[in-house]
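Next come two complexes, and both contain chain A; in the first it sits with chain B, in the second with chain C.
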Partner chain A sequence: MTSLASISPERATARRRLPAMLLVACAAIAVIVAFGGYFVTVVCFAAIYALFVSGLNLFMGYTGQVSFGQNAFAALGGYATAVLTTRLHLDPLAALVCGALLSAAIAAAVGYPTLRLRGHYLAMATLALGLIAYEVAVQWNGLTQGYMGISGIPGLGFAGFEIDNERLQAIVLLAIAALGMGAAVRLRRSRFGRALGAIAGSEEAAQALGVDVTRYKLWAFVIAAVYASIAGSLMAQYVGFVSPEVFGLSMVVLGFTMLYVGGIGNVSGPLIGALIVEALPQAVSGLKDYQDLVYGVGLLVILIYAPKGLAAVDRGVPFKPGSKS
Partner chain B sequence: MSLLEIQGLTKAFGGLLAVNDVTFSIEAGGIDAVIGPNGAGKTTLFNLISGAHPPTAGTVTFAGTHLTGLSPHKVAACGVVRTFQLVRLFGEMSAEENVRVGFHLSTRGGAWSALGRSRRMRAEEVEIAAKARELLALVGLSDRAETPASQLTYGQQRLLEIARAVAAGPRLLLLDEPAAGLDTAETDALAEIIRAINRRGVTILLIEHDMRLVMGIARRIVVLDFGRKIADGTPEAVARDPAVLEAYLGTTETALHA
Partner chain C sequence: MAALLDIRGLSARHGQVEALKRVDLAVSRGEFVLVLGPNGAGKSTLLSAIMGLIPGSGAIRFGDAAVERLSTRARAQRGMIMVPESRGIFGPLSVWENLELGAYLARDHGEVAARRAKVYELFPRLRERESQAAGSLSGGEQQMLAIGRGLMANPTLLMLDEPSLGLAPRIAAEILETLGELNRSGLTILLVEQKAPLALKLAQRAYVLSLGRIAAERTPDQLSSAHDLARFYLA
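Our next item is the complex of A and B:
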């Protein structure tokens, strides 16, 4: 009886899907090893963005809030990695952890007053956060070297060991993204995740059941910031360079596109969205002048025919956190 | 000492006194009702008790604790849990998961425990899953456990909201028009469910328009009109009270039975 009751429907589904997911992972690795080249670069960026968007999904999809300012935390992570590794010659992994801790602290400090706002007001406040981060990156010359940015950042690796094989980098980045998404699944399927889902459903009802809405929103914001920061650090390590533009508004637009194309509120949505949005421009690049047009139309078609995102297509109904799929 | 004591409770919205110097108390163990015409201040009264609005004046004391000024989640933690006039479910979640959220107060663990998935946490999940099923059975929704809340019928949604509120372990359950939108058969079933919850030791205070339901289950009735308390007593006494008949039910006694 206990063992039956302990397997909730969503877990049973997850177990049924496990072999398929492993197959996809093996296939992806095989393709990476076989092809190499630009395809691998696309996969690397997609993996980094999948992590970034997973954090965004936690805050927006699970908790039902809105943030246009996650790029601020990606910038924090990226610059922390850049400064700590080039100036203080810190280990890249240690720099990544420092950046994440710094982002968490700043998210908590900024989120406390900001998260009282709702809807459009929260959107505006968080948008300002991204713009402030951009301005700081431009103006704080002594630390950030302004528009010039910081180059010479050591690549992915830890403890003096640097991964310089591009295919291996892709696999490591995919593994990190998978780890991040696995953590997101665990967060969702818990008392903590249910409280976030309750806030998305109705703040008043959540409060009436004893959920400290302010506190849980802040937690979601801080965790999303940590995801963004780690993505920013990995970006800095992978590209070897940071500048204000790397973490500009385009990152926000890209993140949102991935979130909606992949499927908001869906655990696998961020990875699917990131892969499509990263790969689509490459797939249509042969069309020269028309490539932007075709890219735009492609996204529109996806959003019209899969309004809940590509990750929800096979189920007919949207897979939202906790619902039966 | 009474379970809930409301003393001189007043709420002004601008110049409008939605609740005006209301005083009454609720004894533990009963089913009491607040009635009154539309706009009498019933829901505002609930909002003041549950902490959704701060009162302009007056106090709310629950089992010796001052609730006045506490935020809603703290009021819930004190043992006062409410439902809403317009059902507020977590529409994307299954019926069972809605009830599981109700166990928030009686369980522990945040983000770290979610990531760790300790043996204790998994055991707790199994336990609340079983309890959630039991509460779904109580309101007759056992076969709807996996259905997303938004796909339930209106009557089922009302019952689910009540099951979810009971999961939160209230000592006092505030039901805001639980029969609104229900047909006669559903209302009769609801009356039985409310009695069953009451038998579990939960004191119940409900706002209701359905006089048949109120007269059938309430032990005592408080009548509000234009924010003021105009009567307070047994259903029989209230039904005969001239002030109630005039202000709320019309001018003749036949209106009550219409």
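Our next item is the complex of A and C:
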């Protein structure tokens, strides 16, 4: 039994917040049911991206590392789902699991030598991962059908049951994103999560306390890859199509924008960031020629006035430009 | 008395520079040993090399075992714990989490809770700030946390790298006095420090490190004259 003395103050706060979180979840479902059309599409993409960014947050926000190559693992998950469901007629859920396992194995193999690098060198090495994945998707015509991509991917579902109602799809995707974020919360509050936080703070100090820095960095990379892979699989199932462009560099840029707008290192940051970045273009679409300009300015204003991200605003962090950690 | 830590011919590089040159040093069980020296003398490199954070050559015995080939983690498991320079506090994590990380290698929750209670007894201010982000603490509180985190590991030997760095004189004196208390309760301490007059009052023996070599090994009485200290610092 866990003694009271060993319950962290953070966990006690989270327990107090649980009813409020359930209320927000119920409200989200009610809004999805009440509205339809494009709003639900925005929610679906935001939920998928929230999962993708949660993995990125674990590696960057919690562990203090940099990766520009998470799109490689999203592509692995997406293409694994596409190939396994359309050619081998595997169940979408089984294909998703296969994609995640493949991504974990490749992340472990690639991460072992790559994670010895630090800072800009690590950033460049991971950027190369994404570029290699893109080239493989383009060049391996026999498997990926190159630029044409693969279509006809079965929708969200399992064991022969396909969810064809978009509102239900949004609820399921939100539930999956919530599960992913919940798992990230548990990880962050575990002994493993504290070790990641220590690595982010000072690798040398963490090592001096007995933390196996190399092994934990690799684990964080593998877990982030699994998150990206599941997001890629869900993207393939939701859209019904994959191509190299779906998992291109724009996915990385979008992921980073969501991470910083929502709040890096903050558990709810990925979902908030994903919702804002997905919804903002639609909100300003009436401005026609000026919509890109207003979208860009909107993001800049958020980053200037909430440098720790929107998720940090409710935690008493000064809501003013240039506030430091 | 057999030495708890016995170092023979330890050399280490800091980048291209040979920062430690065949250093011999010993610390007996229950002793408070001070390493003095000016900036760039190799004091921090010495502690990093002892912990295995940087590669070095030479022999390091801890207790009955040779540890020079062991990983940093294995050395920590044997009770060699270092409080790094600039405290090495994990800023975004709470005080509670920082302390938990100190006991990272311990598996018994009850034991960890007991150690935390002792740390809170020694530094009551940490209990008050338990759920606060460590980065938001004052310099003195951060140093208390760094020492408290080291104590959470239940060290056999506590090595501290300039704990008074950047602190107001009164706070620095408090911190050093706490180290004296810990030593009197039986903890072996190896302290690297520039604030010589304060630290010399607590130590039983002192080494002076100069340009990566041991320039002298003295008792505090022998070193306490300003003339003696200046000679070593300016050498």
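List of remarks:
Assume the second predicted complex is superposed on the first by the 311 of 325 C-alpha atoms of A that agree within 3 Å, B and C clash if a C-alpha of one lies under 4 Å from a C-alpha of the other, contacts with A are read in each partner's own complex, and residues count from 1 in each chain.
Assume contacts are C-beta pairs under 8 Å (C-beta built on N, C-alpha and C of every residue); 3 or more make two chains touch, one makes a residue touch a chain.
Just so it is clear, the model here is predicted, and its values are computed rather than measured.
Legend: residue contacts after superposition of the two complexes on their common chain; A:198 is shown touching both chain B and chain C. Of the two partner chains placed around the shared chain by superposition, neither chain B nor chain C is touched by A:128.
Looking at the shared chain after the overlay, A:210 reaches both chain B and chain C. Of the two partner chains, neither chain B nor chain C is touched by A:168.
In the superposed pair of complexes, A:219 makes contact with chain B only, with no contact to chain C. Of the two partner chains, chain B is the only one touched by A:183; chain C is not. Chain A is touched at more residues by one of its partners, and among chain B and chain C that partner is B. Within chain A, the residues touching chain B in one complex and chain C in the other are 2, 5-6, 8-9, 191, 194-195, 197-198, 200-202, 204-212, 265. Interface of chain A with chain B (complex): residues 2, 5-6, 8-9, 183, 186-187, 189-195, 197-198, 200-202, 204-213, 219, 223, 265, 318, 320-324.
Put simply, chain C touches chain A in their complex at residues 48, 51, 53, 72-73, 76-77, 81-82, 84, 88-94, 96-97, 100-102, 104-105, 109-110, 112-113, 116-117, 130-131, 135, 149, 153. On the side of chain A, the complex with chain C involves touching residues 2-3, 5-6, 8-10, 13, 191, 194-195, 197-198, 200-202, 204-212, 265, 325. Listed in rising order, the residues of chain B touching chain A in the complex are 50, 52, 71-73, 76-77, 81-84, 88-94, 97, 100-105, 107-111, 113-115, 117, 121-122, 124-126, 129-130, 133, 146-148, 161, 164-165, 167-168.
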